[in-house]
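The two complexes that follow have subunit A in common; it is paired with subunit B in the first and with subunit C in the second.
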Partner chain A sequence: MASGVFVGLPRRMVTVNIDGEDVQVTEGTTLLEACRGINIDTPTLCQLENLTPVNVCRVCVVEVEGSRVLVPACSRKVEAGMKVHTDSDRVRHSRRMVLEMLASSVDMSLCGPQVQGWMSQYGAEPQRFGSGAATVAQPVKIDNDLYVRDYSRCILCYKCVEACGVDAQNTFAIGVAGRGFDAHISTEFTVELPESACVYCGNCIGVCPTGALMFKSEYDMRQAGTWDESQQRVTETVCPYCGVGCMLELHVQDNSIVKVTSPLDHSVTAGHLCVKGRFGFQFVQRRGPSR
Partner chain B sequence: MFGAGGGTSSYREVEQTDLVILWGSNARETHPIFFHHLLRGVRSGAKLIAVDPRRTGSAEWADVWLGLDVGSDISLANAMARVIIHEGLADTGFIARATTGYDEFARCVEAYSLERAERETGVPAAAIRDVALAFGRAETGMICWTLGITEHHNATDNVLALINLALLTGKVGRFACGLNPLRGQNNVQGGGDMGAIPARFPGFQDLEEPAIHAKFTSAWGGAKVPSKKGYHLSEMFESMDLDELKALYIIGENPARSEADQTRAVRLLSGLDHLVVQDIFLTQTAELAHVVLPAAAGWAESEGTVTNSERRVQRVRRALDPPPGARDDIELICEIATRLGTDWGHPTAEEVWDECRSLSPMHAGMSYARLDELGGIQWPCPDESHPGTEFLHARLWKDPIDGPAAPFHAVEHDPPVDLLTDEFPIRLTTGRRLDSFNTGVQTGGYTSPLRKREALLISPADGARLGITDGERVLASSRRGSVEVPVRFDATLRPGLAFMTLHFPDQVATNVLTIDATDPKSGTAEFKASAIRIDKLVAVPAK
Partner chain C sequence: MDIRTTGGPPTTEEVAAIDGFLGAPESLWEGGARVEQDDHLAYGGRAARSRRHLLLPVLHAVQDRAGWVSRGALEYACRRLSIPPADAYGVASFYARFALEERPPLAVHVCDDIACKCAGADALCDALEKGFGPAGAPDAAGSAAWYRSPCLGLCDRAPAALIERAGKHHAEARVAPATYESLSAILGGEWPDSETSMHLPPRKESRLLRRIGVADPESIESYLQAAGYTALRRAIELGPESVIREVTDAKLLGRGGAAFPTGRKWDAVAKAPARPHYMVCNADESEPGTFKDRVLMESDPFAVVEGMTIAALATGCEQGYLYVRTEYPLARERIENAIEQARAKAFLGADVAGSGMAFDIEVRRGAGAYICGEETALFNSIEGKRGEPRNKPPFPVAVGLFGKPTLVNNVETLANVLEILKHGSGEFATVGTPESAGTRLFCVSGHVRSPGLYEVPMGTPLRELMQLAGGLREGRTLRAVLLGGAAGSFVTESQLDVPLSFEGTHAIGATLGSGAVIVFDDTADLEQVLLRIARFFRDESCGQCVPCRVGTVRQEEALKRILSERNQSLREMDIALLSDIARVMRDASICGLGQTAASAIGSALIQLKIAGVN
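Let's look at the complex of A and B:
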């Protein structure tokens, strides 16, 4: 019973060639990490550092010589001698198609500037499918006071399902139901959230890249036209509740907390919070006779 | 533990351990993000054992649930120790090298046969034996606990019984082993670290040790600092009862609702000559005060640090301007010092922290710049080149050990003070729910879809026996008082066991029922074990 620490098997260095450049990375590295290591911008939608890759969006695909099909960079591990092309016609064409098909059927207007940048970088023209193209447009689901679900904005990246499931929360309140174009995120038996297994940790909101899942406070402010990120400050602090010590990022506009997140790389939270940490901040801004 | 009061391990270790005993803790609801780390461990193959009178949300994830009777933890732990010794699973090398008091401990636990433990705990002997063998055989293992261990009249003995198990099997001071109290409030660890306990200066330095005392008084310009330890919370109330303690200055606590035996607590607070309450709200305690000092919220309206359950000191920062008239705690305290005739100036939070670092060796290396850069630092961190300490007591594995040996403590089973009798036959225990916190001062501010009205949770079998229907209002009474409360059936409770929270004192004053029998060593009250009876409100006419 010594005090040795098992840190895993020793890892070898592997050399791969990316866009003509030889790169040395440790065994087990993904192509995405290798690309980002040499500053090759690689678009991703369903990938996130704190989640297991699910390979569903296909926007990160790259060409590997000898491979019949394009491979997803987010999950494909490097192999010695691999020759990778990240900007070939085939790659650009595939990325453009993915972005066009998503943007023609889904409202991606709240995706960050990075996604808008990829749209123009790859020359995506979602309008070319015409006004009759099928969409996932539907009414916003507002069934509780903490967060709303606007599946018109859902690109089915699975991140919320993963955060609700084995990658973090292990609550399994949501999954993907239906097949093909009808596939959609659903609670069990499509019940409303308050009747579902949801515990309102909001870890699904924390990983949603499109604004389909949104704090009710943000949704209401957007509806009222008062949401203004240029007027928001983000301050890191520690949750006021239990003694786990979760780091919170308080998004503050006009001296009010409008949203709470946690850094993905924080050792305590890995970006995840519970209902109190994410939504339990109202007391501090209850202004009135008692405060 | 063995000198410094803090959990010995890091959250990361629970992801890599072989076995976790979650003892008197429903971390799934009360420490949800710690439970994420624990689930990563379970997903990687760790065995999880839940010891809890209730079959909680945490117990649902366990390989084994030991549903013991409230307050029988020592009997269970001692019987496990006896099995481990008899099966030759004790780490004799570690015991000989790094511990003291083993012989007396072994004699003590020898009296705890499996048959006796089954009788005292209600847990089948075979289950106790299986868990003891699993813990004894695991290469690495951790014990984590919360208030199910500490809210008892013999809280300290309960903790010692768990420490004994770790010492017996050499499961402390190594990676992925350890003893971890999960702290219930964001800075309860930091409060202790900073000396907000009766016998310590910051950094757990002994107030009654002359050299330490001299260090602090000279650093504070010859200030008159008491040289004898003060009172803990329960002793303060006892002193109020004797009419000795006549003035009280309360910062950020709501004892008029959080104390056991609330009727007595309110009476004593109301009888003080002078009560000052510094809080962010006009709490029920503040309503009793002669002077209320409106404070800024520590986590969002002021600067400072807090310490978590893995001893990680982290920065809190000002994100909001406090409401008009509310002031920072440091400013309020310094202003009071000025009124008392001494000038402490107007220090920033960082200046106060730097003073603390200059006097507390375990915090010395934690500059604000380093805390920012490293995402918090785990104490001890003796200098600015030190990375912080992942787990404590590695010194016990040096040969010979470095520093004092870790003592076993022979502790005996001692059932709850509030005895079950024919008049009060049901055991009431208390706890928290996921979306709420303590007396609800903070969580009352948001609307949780999970929240239901406060109720007395009982087993469906007890409901049937008492002729009570789900949702019916009843009168719940203990030897101290009665409250009206609706009943809710809960299949996770065994017959004879009832559960309530303290979250909604305006709906149901749960602490009217609880007992203030306290642990003489830690001052914690036995919130976990009251004896109650349940009566129907309206007599049903006989047919």
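Let's look at the complex of A and C:
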């Protein structure tokens, strides 16, 4: 018996012009997806595939003809006939300044090679703002055994708040508090995590792009100078705890699990785990005399 | 959602304040005491969450009663409205007026913004510091504290102060002009006398200010006698489409600062397919040097209500909000009174003036955030969230308050609508210039003999406006005029013949903005004024996007260096840096605050040749 399968409403194709090249993309595509589709490298900091775009970092801005100001590529949808410039003087200037402003106020040393690459590509010189430039430097918060929060590395990308909230965990243990340069990620009245609504799913760590949120195991090894990613292997497996079937990536160094992640594009997890999958791995590496 | 509260119980006072506003809780599930039924039945989740938008009013209720918002009170509010405490803390800490640490019940907010600076606010603050300790610190008795405040919108009577006394009988009062003697008496426990009537300059050919001083702002009878509500009757006769055509034909441009064609906005909302539609009157006037909307609301509140009603009927809105800054207690009181009286006369309600259409208005009180004058930040604020602007598009006419099509108009814009309907679009456009029709309210402050609110036809030269305000004091010469407030730009003596119209100011690279005109003579310390502007933007940036959050701080730092640096080449480097910062803020910020945060400072360095800039 023939049965119909609903495949959704037909989506129109839209033609946009990016840097002189006509590109056909489906309606509803973002400019960022359209750019990446034709291999135009576009820097992003607050954007992540598994989170709603908040377009706050402004490093992905592009120039759209007819628009008074630059537009964020991560959230702006394509419109038929749009003419987009991704490497104009205005775009380069804004990207450079955003990177400079962040690097002059935040410790971005753990951001990874991609961000360092953009810094040099756009000629960012954070030291231009002088030695007296205000920063977000502050003591590291260590108030539990599972992870640490080092907000001197926080670029306020809102990702952790989204992951803790409606985009993944629906726990709402943290939010953005304060205003302006004093805006910061916080629990209510800055209470320590054990006193807050935190359930230690670690999904905030999973999305943090700067190392502001970190596994305690990784933090301790970095402090001891033993953290070495070149010596780490990643083993893929399925979480043994319940029947959901979350895929785990076990990061192993010296035959010990040092960190657990899940791929962003995994159909079950979308990169998010729970406290057991994320932190409950000690039993596999229990050493010493068996009882 | 599991709401975890660990901060201990609220005080009886705090519970009384919150329950006084929301009514008593029905169950354990919204913060009440446990009854047997609660063990078997959980309910109210969705209903409680749908009241999220009441968070700011609830926080105001607590603060008005207790003087500050404690953790216990915040968490009780969270239980009542089903909001996660971390989220609510983010909201409360966003607004400057909510105190999250215990403080004395009496708070004296002293304006040290641009216009008040011209009238000796700095000396006043210095004296207060000597007499009562630094700003923000409790006095010796622990019963009062004074704070520095951005513009209070009393620039015509500078220097100004706003007094708040928390308690069962919460009270607010304003003192303007304020003196050390008057403020120290208040800090000592004396309550100020009720305000003296405001200074109203002579008016010629006034339209918008016609009823001021003629009709009693507290009586709808008096408003009706002064031909009030004739515009609404005419609007009902004409019907929505013709009303929108009239407003469009009159070429009315929005008076809030952005000068968008009002008719086009109305048309877009009227045609928006999604329902319901909302009408919002933006009365969050916070641009330094601006007080026109305050005067309209205090002196002609029924006109504002009538204007909102006309706009709502024309665009199919059944619910309206008037968002007024918390610094305007008298305006709030008078508008609330006007709404109540209009309801009693059926000018608001299920059947507005026999039209068969429904409309009602709720007044919402800001909490000390300049950014909430930005329309999308204002929506978030009404919804009980942090006042962070949203990215546009989508525009409010399609996706606005509560995600629905929303019409946002400024108070002065709505006042103009009455004129258009009463006299027709043709008559309306006989005044002003072809591109900028009608009259405009200008808030003249600073170094003029008679600061105040002046209504002149669009296109009136700046020089003439300054003469109306009495001109400079004897023997003084002009240094500069700041047009459009902190987000505006400076003009100089040679530009005084600029016609005050949208196109006239645009032609010289300036802006009318909110209608603020702050005049500086040769006694003004413009460097201090520039530093105050830089501090203003640093304080008022919402912090969401990088160009504005970091840019406003870097701008202030660079400006400080430029004004103190003696080495020419180092100074030039900082001037170049300032211009780089200005460019990214203008190009890449989410909203108008960041996009204009560098304009006044940039124009001052160029126009006034401060720090040797050419």
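The rule is simple: the second predicted complex is superposed on the first by the 283 of 291 C-alpha atoms of A that agree within 3 Å, B and C clash if a C-alpha of one lies under 4 Å from a C-alpha of the other, contacts with A are read in each partner's own complex, and residues count from 1 in each chain.
Definition applied: a residue touches a chain if its C-beta (ideal position, glycine included) is under 8 Å from a C-beta of that chain, and two chains touch if they have at least 3 such contacts.
Values in this document were obtained by computation on a predicted structure and should not be read as measured data.
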item	value
Touching partner for A:Q169 - first (subunit B), second (subunit C), both, neither	first
Partner chain(s) touched by A:G130 [first = subunit B, second = subunit C, both, neither]	second
Which of subunit B and subunit C A:R233 touches, first, second, both or neither	first
First (subunit B), second (subunit C), both or neither touched by A:A224	neither
Partner chain(s) touched by A:H266 [first = subunit B, second = subunit C, both, neither]	first
Which superposed partner A:V284 touches (first subunit B, second subunit C, both, neither)	first
Which of subunit B and subunit C A:L193 touches, first, second, both or neither	first
Subunit B versus subunit C as contact partner of A:V59, first or second or both or neither	second
Common interface residues of subunit A - those touching subunit B in one complex and subunit C in the other	170
Complex interface listing, subunit A residues touching subunit B	1-3, 5-6, 144-146, 166, 168-170, 193-194, 198-201, 233, 235-247, 250, 252, 255-257, 265-270, 272-277, 279-287, 289-291
Subunit A-touching residues of subunit C, taken from the complex the two chains share	1-4, 6-7, 71, 74-75, 84-90, 93-94, 96, 100, 369, 386, 391, 538-547, 549-554, 557-558, 561, 577, 580-581, 583-584, 586-590, 595
Touch list for subunit A against partner subunit C, complex	55-59, 61, 69-70, 72, 75, 90, 93-94, 97-98, 101-102, 104-105, 128-130, 132-134, 155-156, 165, 170-183, 186-189, 191, 195-197
Subunit B - residues contacting subunit A, complex	11-12, 16, 30-34, 36, 39, 43, 61, 91, 93-94, 139, 170, 173-175, 182-189, 280-282, 294, 297-301, 306-310, 312, 314-321, 323, 326, 375-376, 394, 397, 434-437, 441-450
